[in-house]
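The structure is given below, and queries will be raised subsequently.
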Amino acid sequence: MLIVIKSEEKQENVNKIKRKMKELGCEICEFKGQTYYLIGLVGDTSNIDPDLLNANENVEKIIHVQEPYKKVNRLFHPEDTIIDICGRKIGQGHFTVMAGPCSVESEEQIVSIAKEVKSAGASILRGGAFKPRTSPYSFQGMELDGLELLKLAKKETGLPIVTELMSPKYLDKFIDDVDIIQIGARNMQNFDLLKEVGMTKKAILLKRGMSATIQELLMAAEYIMSEGNENIILCERGIRTFEKYTRNTLDLSAIPVIKKHSHLPVIVDPSHAGGLWWLVEPLAKAALAVGADGLMVEVHNDPANAKCDGQQSLKPEKFKTLMNKLNKMLEIEDKKIG
Amino acid sequence: MLIVIKSEEKQENVNKIKRKMKELGCEICEFKGQTYYLIGLVGDTSNIDPDLLNANENVEKIIHVQEPYKKVNRLFHPEDTIIDICGRKIGQGHFTVMAGPCSVESEEQIVSIAKEVKSAGASILRGGAFKPRTSPYSFQGMELDGLELLKLAKKETGLPIVTELMSPKYLDKFIDDVDIIQIGARNMQNFDLLKEVGMTKKAILLKRGMSATIQELLMAAEYIMSEGNENIILCERGIRTFEKYTRNTLDLSAIPVIKKHSHLPVIVDPSHAGGLWWLVEPLAKAALAVGADGLMVEVHNDPANAKCDGQQSLKPEKFKTLMNKLNKMLEIEDKKIG
Amino acid sequence: MLIVIKSEEKQENVNKIKRKMKELGCEICEFKGQTYYLIGLVGDTSNIDPDLLNANENVEKIIHVQEPYKKVNRLFHPEDTIIDICGRKIGQGHFTVMAGPCSVESEEQIVSIAKEVKSAGASILRGGAFKPRTSPYSFQGMELDGLELLKLAKKETGLPIVTELMSPKYLDKFIDDVDIIQIGARNMQNFDLLKEVGMTKKAILLKRGMSATIQELLMAAEYIMSEGNENIILCERGIRTFEKYTRNTLDLSAIPVIKKHSHLPVIVDPSHAGGLWWLVEPLAKAALAVGADGLMVEVHNDPANAKCDGQQSLKPEKFKTLMNKLNKMLEIEDKKIG
Amino acid sequence: MLIVIKSEEKQENVNKIKRKMKELGCEICEFKGQTYYLIGLVGDTSNIDPDLLNANENVEKIIHVQEPYKKVNRLFHPEDTIIDICGRKIGQGHFTVMAGPCSVESEEQIVSIAKEVKSAGASILRGGAFKPRTSPYSFQGMELDGLELLKLAKKETGLPIVTELMSPKYLDKFIDDVDIIQIGARNMQNFDLLKEVGMTKKAILLKRGMSATIQELLMAAEYIMSEGNENIILCERGIRTFEKYTRNTLDLSAIPVIKKHSHLPVIVDPSHAGGLWWLVEPLAKAALAVGADGLMVEVHNDPANAKCDGQQSLKPEKFKTLMNKLNKMLEIEDKKIG
């Protein structure tokens, strides 16, 4: 961390800042330029709150040299993390496809879709029981009943299940019933929820918030890890920009950037990114090509009558075609789905 | 709501869509252009999920004519809503200033600042007990102890208190102890929390999410109102853009836009918007000029040693100067603080 | 185009608007809902300025059903446009790689890089002679001398050349010397320049502005086409968002969206998008996978001493590795480079 | 400027970088932390291209301590710049209102509006002769004829005129006929045009680009100043964000930020920012309150028949009301219009 002070600042004010830093246990380096005077803090400064320094009216600005995250930082953990979900590996060379409907609607619906996505090669079943909807008048999910139907579908197909947790009050239920707990984009900075799931041992699928920087996504993962849970899968699902043709702008550059800075696996959700079914295939292929560790894809047997997000769901046959194309691409990379 | 279909679409597909709309209870108008065929739905369509239609592959797009919110919509409630907080009115000509430290740090701190802001003219005391912080290693607030200190400060000064609720688990405590429950920007779409506070009768200060559109802010308020609670104060606090000099970009145009579309009062938080103390005064004055119903301002007696956000806090004497300037501006508008 | 008027509006005001529309030659449909009254204009409304209607204080808003572009619109020109550059085809199944240094620096540099990229499989040579730089103190390009060196490199290798035109004053020179005229992101809405190149027959590479919507990009192409030049290649090169790790956010969803709405070929510039050399390979592969018609890649033999943008340039050997990987991917798609 | 290198980097690579910096004439400071090694460059580094260093694969990143602009920087020019336009002062306590129609349409129109805005207190007449329009099919302005009409209006009223220059080919004409040359938002980084007007002595009104950072706006002004022209007025007119109710998001925080970092005067255009006439008054008042040096406001006698942007134009009587309100606000600040 570097503290920037105007060169003309009185020496006593500079000394006061230096003294304070030393009290906080920092070793100090100094550095005098023509217009600015720099004080560098050596060592681990992640416990020093930069707000403390910014508030000092003699400080021009604070410059961060080191990333604010530690446990998720590849610098201190060079090897890729691999997450194990009922024997299926996620990360480092494995390409995992999670697929299923936006929301669970009936036993018949979820079981039949589960069978379809399994036969096409998906290794994890997705399906929403609790749905975050922009309007209070939209379908909010089947809630606990939906969870029961997911368990049935798992029993029938053997596919582990991933579904979204929106409130700490159902956490115990999710720990019992679910294989991967999803934290949705809107809750990426619901710090209370992050701490709660951080205290479990469950695998967590953490989706990037619509306007979260990559650094903030990694800091949200740091919240979970700092409570002891290291089983985190990150998920890029599109960010909010000025562009209007697509619901969000899928930020595929985020994949190699995250892989450079963190050891956690990262997958892509091409369905929510564009919000349009005909964008799913090209974006899914691009996600594989850019180096993602997997995908989360919405599949529905009757999109036109889906209770939510039908416009971004693939029909099972289109999903099969996509899986075939992905398999061919993975062959070149010496990887396999699942 | 308008359904746009390509003119060359087969008549039977068009008929299928028309039949479905009629089943949902919609009256229909038709409209044939050269390249597109339009089906208009007459009446209240807020219960029709546009996803259902978007998923139909014969539908080119859906166009919304009417806003998706009802209870917060000025169209159906033309008069301004006025919120009463222990006898102080918020909205319609009253200009309310909520002031206090970012976080409660000690009895001495909160009581002395409460006295200072009261004497300068603030009518409500703000202070964080639970703090949403980007880093798990930053100060997270005094939590329940902080709430106790706020009550002490209220007892000493008579100022009603506003503070942020981050988790439903403390809701009962907040109902007992707090006058206005703040829902922070990061939780604006924490729908579970919105529903919970919607079932109370407490006044809610709902902050706009960092990347929330004005429509989404109004839909979040609709969540609260649809559960029965109509005591909502909206708050603009800056949105996320590409600009880097300021922490967020304060969207002051949002104030007249919200006032046109909704009857709810709306205030501005100039402290979080810019993230820099020297921006607070000009932005506060601009907020008044643009028509806001009040302000939420961070004030700290010792910003350089504040436990959080010191860099955006005003010292009490600067706050007094600001209040004097605001008073002069309000005189021209025939309004008063408080 | 739909004109939305409040239902309670006086009939005489509605009639005035209808009369005006008829004077402008529009056929009219009407449509009365509970809260709004809609007037639909049938036929080609692209000549009607919506500002005219928006300014009417009885008009609530204007809704556009049809896209504002005509000549670039796939609706009126369903087949892909193929551009011919000295016998090389761009568009519809051909995958074209344009490669070379950010800026021309010397004869030796440009000729040797031209040979390298040709032998690796590139079919067009890029190289900046005139450079748009954020700072007036940065290297501005070799200007006309750079153009001469590009011609030399073309003579040596046979590669057609693409380079950026920044001012109409050099247009004649560019028509003589250059095979593709590039209009840079910062000039995408320099309408004077667009009109000037629209009056030539040269192929134009039109880069998307940093904050241009896809619709605005297509409208910029419409400017060129409306003057008579139909030889346009579009280029996605990253848009400005809040994310800070990357210089821009590459919007790969734009490729399938553009292909749906327009018949023009579209390529991707992975070098400018991320601004970092280690992002070029993954983004280039993703661009191919998402369906782009080609790439524009910066290659430099000595990036650490390049006069500009060295940090985003690939060394020739890394470029060769990339081309090999792209070739393998193209095989699956039954396509070829060049 | 600080060069950040990983601590584990080989000493010889570090030495190579240090040697290169010394060759470029830089004095060097060093600084060794646990994970990073820092090399600081002392003195004026604005001539060192950071790309050169970023391209070095041993460099982790470059950190800028100093702003990249010099001539526009308040650090080196602490007093406010005042621009003189035919005896009217802009900057430092003067509040200047430029008003008039979006585009010049006829002699009668421009002369009558000029008289109206003059009598209401405006001191400069605006009016577009050349219009940058998103669509090639929209009205493009009366061009040179419009310029003649502006001159007539000036002759009738004595008001100096400001109008937009879109192409260097009319520069000489503008130098003769116009008092302030406007560079529009879309041309803010048309560097050729900036250099051209930089070589004149005319006052330049430089509008912020729709997606330009404040730093880029100041760098664009630096382009003009580096050619010798110091008569620059900056203009904030809204930036592009995700919000859809308003055309752009007016960034009023930019005003105090610009005033802190630069000595140039800065005005606000509330008409283009929101794109809606009913937003002009509140935004104009907010602009004054936040500290702007003036306004640019669109006024039209018949907005519903204006040839462009009628929806954002004020009628003369509404403009008068606005001017009265602004005058009252200025009294409190001990300032005057004009």
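Every chain is named by a letter (A, B, C and D) in the order it is written, and numbering of its residues begins at 1.
By definition in this document, contacts are C-beta pairs under 8 Å (C-beta built on N, C-alpha and C of every residue); 3 or more make two chains touch, one makes a residue touch a chain.
Bear in mind that the values here come from a model prediction, so they are computed numbers and not experimental data.
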- If you average the Cα atoms per chain, which one ends up farthest from subunit D? A
- Task: Using mean C-alpha positions as chain centres, tell me how far subunit B is from subunit D in Å, no decimals.
- Result: 31
- Message: From the mean C-alpha coordinate of subunit B to that of subunit C, what's the distance rounded to whole Å?
- Response: 39
- Task: Mind checking the centre-to-centre distance between subunit C and subunit D? Centres are C-alpha means, answer in whole Å.
- Result: 26
- Residues of subunit A whose C-beta touches two or more other chains: 211, 240-242, 244
- Message: Taking the touch definition from the header, please name the shape of the chain graph: line, ring, star, complete or other.
- Response: complete
- Note on the structure: Counting only contacts in the complex, subunit C reaches subunit D at residues 46-47, 49, 51-52, 54-57, 68, 132-139, 166-169, 186-187, 189-192, 195, 209-211, 216, 219, 222-223, 226-227, 240, 277, 303-311, 313
- Message: Applying the document's contact rule, which stretches of subunit D touch subunit A when the two form their complex?
- Response: 2, 4, 29, 31-36, 38, 40, 42-44, 63, 65-66, 75, 240-242, 244
- Query: Can you name the residues of subunit D that touch subunit B in the complex?
  - Reply: 211, 213-215, 239, 241-246, 249-257, 260-261, 273-274, 278-279, 282-283, 285-291, 325, 328-329, 332
